[in-house]
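Sharing a structure here in structure tokens format.
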Amino acid sequence: MFSFKPALAALAMVSAEPALAQASGEERRRRGEDVMRTLNQGQPQPALEGLRRDFPDLADAITDYALGDVWGRPGLDHRTRQLAAVSAFAALGNQPFLRVHAGYALNLGVSEAELKEIVHLTTVHAGFPRAIEAAQTLGALFAERRAAPGARP
Amino acid sequence: MFSFKPALAALAMVSAEPALAQASGEERRRRGEDVMRTLNQGQPQPALEGLRRDFPDLADAITDYALGDVWGRPGLDHRTRQLAAVSAFAALGNQPFLRVHAGYALNLGVSEAELKEIVHLTTVHAGFPRAIEAAQTLGALFAERRAAPGARP
Amino acid sequence: MFSFKPALAALAMVSAEPALAQASGEERRRRGEDVMRTLNQGQPQPALEGLRRDFPDLADAITDYALGDVWGRPGLDHRTRQLAAVSAFAALGNQPFLRVHAGYALNLGVSEAELKEIVHLTTVHAGFPRAIEAAQTLGALFAERRAAPGARP
Amino acid sequence: MFSFKPALAALAMVSAEPALAQASGEERRRRGEDVMRTLNQGQPQPALEGLRRDFPDLADAITDYALGDVWGRPGLDHRTRQLAAVSAFAALGNQPFLRVHAGYALNLGVSEAELKEIVHLTTVHAGFPRAIEAAQTLGALFAERRAAPGARP
Amino acid sequence: MFSFKPALAALAMVSAEPALAQASGEERRRRGEDVMRTLNQGQPQPALEGLRRDFPDLADAITDYALGDVWGRPGLDHRTRQLAAVSAFAALGNQPFLRVHAGYALNLGVSEAELKEIVHLTTVHAGFPRAIEAAQTLGALFAERRAAPGARP
Amino acid sequence: MFSFKPALAALAMVSAEPALAQASGEERRRRGEDVMRTLNQGQPQPALEGLRRDFPDLADAITDYALGDVWGRPGLDHRTRQLAAVSAFAALGNQPFLRVHAGYALNLGVSEAELKEIVHLTTVHAGFPRAIEAAQTLGALFAERRAAPGARP
């Protein structure tokens, strides 16, 4: 972690993006692991760890590319990115990923009311069934968090 | 516009939402038209007006429900809502609606760089083809706006 | 805006639809509740009521817009509308909503054989997997109704 | 296999359908061609004929299976089947096939107003963008038919 | 019609395919049953047999068209066809059909490693969520096969 | 974290893949460019180059991750990978990407007849409309290649 921050600061002085894109394998891995800790309150993600045994390369691609290269980019704050992900997964009808990203959003301080607004928008973007399914997913997540405030999904 | 603001302020003192949801037909229509002007720099939306001749009821439903009831809600700022829409339409692969909402986002002061970040996220959410198509749509929109800064899509 | 209102007033003289679209909040709510009773044999819809606690605005939008404004329209009989919904949800692969609307169709007197024909069409529209999944959903619904003829889904 | 054949033979005594399913190749072909003439006012379908040169087996599968085995089934009238197809393609966002099947529906006497009702339902099933795109497709089809009443899509 | 038949007759002289497409009902049924035995190690497919009671015509269409006419075609080996099916169902996010076709692929001698490569490609084609879901489906299938090597899905 | 790094180090001793995944930025870039030349007969891909001006980071992610990390993997031959891509894009209804990957497949020696078989399978996986659209895309591609044998799409 400590070695990461100065490197980023140094990059910011020149032109971050080509350098980021061509970061070494170790830097990408470290950046991806940092993003996961930020989103998941310092903990590893159980679904990701579950993949690692049978699909180690896919787990590495998630860490290095999805988390490191993409979610680790500057240029959009973490909250906006999670709201964008929640909106996309609600519209696509992907309940498990909606749940994971709504959980990250709550971890980052997004309110339940803001997540409900995204679901309400989904009635327009993708129809009432998608919005109703998203509401049921969020309702279950909210209930679980209230029942066990310390636990994370 | 002027008659709308005090009504909203009054509603906010009690419990805005059931009242909003049960607004009279005239209030819903006016609120929807206000939202459209806000998003489209004071102008009517050409695609919406094009629908009105053959599909007047659908055009009214767009104004009253989509714009008035949903996009006219408080609880999320216009910018975040447009970024959420851009994320959903990029993931769904709906280029015409991505273009319309990216245009509204630019009208509201969202930067080109922020829209590009949403597209970059789409590689993770929905794959590279969806992201590439979204990038092509945004690239064409940016070029058109640069060529004719006063015109709107 | 000014030139628009008189046009609307003129339309109201020759057509019921603008009046429907601009019904008062109370009328829309009542019409939506009437539609639900017609579809669900006089009973409230459990999934809709389940939403009401956490998502009261979404539950109201379902009643007022989806049921009141859309499903409450004249111009197509309830049976045809349910067959259209069953066809759409079978093609989209949305099993929970296919099940709900197939149940409404049966309540309205659509036969099991007619629903099976829609599923058979789905092999052409959307492929065999979608049709097979829809057949499994309908098979489970038919079995449940035979086992408990008085109960509703 | 042996225990299966007698069961089929028994079914054939009480039901036309297994016989339909096991029709000879010539019967299936003839039935499919009859269905196409019914839907398309006695004319061959240009898109289907266009496929025949490069994809003769696919063209035959369309005639024999899609048109002969499926659309040639009794058990649902042609009008209802076309409305079901229009509803499915509107929800899926498939504009070229929506256009073809809306054309068949008009050929069979379905009214423009009934097709508009299916589009209005689509706002609920699949969201406003899908409904707006379907409305634009139908609007163009209606205009073309009014301009050239004798021509078919 | 008259001008069409001689053309078909001419084709039959130079190509096996029209003959395949116009096979008798009994030949199509037999070919379909042969394909199923090849894919499923000599056993009937439980999901297909489960459909037969309520949806006999759909079960027949699966056997005659999907298995007999399509999967029974020469021109592509069974292995490649199953990899193509696995790729399509992973991209579409259809887990039950991904599982069935991954099982057929393993039965035909495709390796676990090859199936994992298809999943890895899915991160590009359709995004990380689709790939992760496919990996979870394959992981569960592999575990089940290791636990009960004689059983088939 | 500390317990994680030694595990990774151990893996690196027995498997080439973590090394691939953690290749340096320069190696990933070079590998991606090699893959593109292999697929596109030694030429840069016009659509990719078109992206580079407005979306340089996305163009780099395509080269480094999609082409370098994923398409550059050993474990599946290029032909099978292209057939898997063609199958996925046909089922998803993504015509521009179907066309690109069908072109790569032809460049690698896949025959027109093999591509037609994938399209025929699509009638089962995803329905006749998807297959017909894919056939039209391939028909246009085949015609263009015949007209200009030296040119590439």
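The letters A, B, C, D, E and F name the chains in turn, as written, and every chain counts its residues from 1.
Keep this in mind: a contact is a pair of C-beta atoms (placed from the backbone, for glycine too) under 8 Å apart; a residue touches a chain by one contact, two chains touch by 3 or more.
Predicted model only: the values in this text are computed from it and were never measured.
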item	value
Intersection of the contact lists for subunit C and subunit D	A, B, E, F
For subunit D paired with subunit E, centre-to-centre distance based on mean C-alpha positions, whole Å	25
Distance from the mean Cα position of subunit F to that of subunit C, given in whole angstrom	42
Centre distance in Å when subunit B and subunit E are each reduced to the mean of their C-alpha atoms	43
Whole-Å separation of chain centres (CA-atom averages), subunit A against subunit E	36
Residue list for subunit A, restricted to those that touch at least two other chains	57, 61, 65-66, 70, 73, 89, 116, 120, 122-126, 128-129
Topology of the chain contact graph, where touching chains are joined (line, ring, star, complete, other)	complete
Footprint of subunit F on subunit A - complex, ascending	17-18, 21-26, 28-29, 33, 56-57, 60-61, 64-65, 69-70, 73
Residue ranges of subunit D in contact with subunit F within the complex	47, 50-51, 53-55, 57-58, 61-62, 65-66, 89, 94, 96-97
Partner subunit B, residues of subunit D touching it in the complex	93, 116, 119-120, 123, 128-129, 131-133, 135-136, 138-139, 142
In the complex with subunit E, residue positions of subunit F that touch it	65-66, 70-71, 73, 75-76, 80-81, 83-92, 113-114, 116-118, 120-126
Residues on subunit F engaged by subunit C in the complex (per definition of touch)	122-130
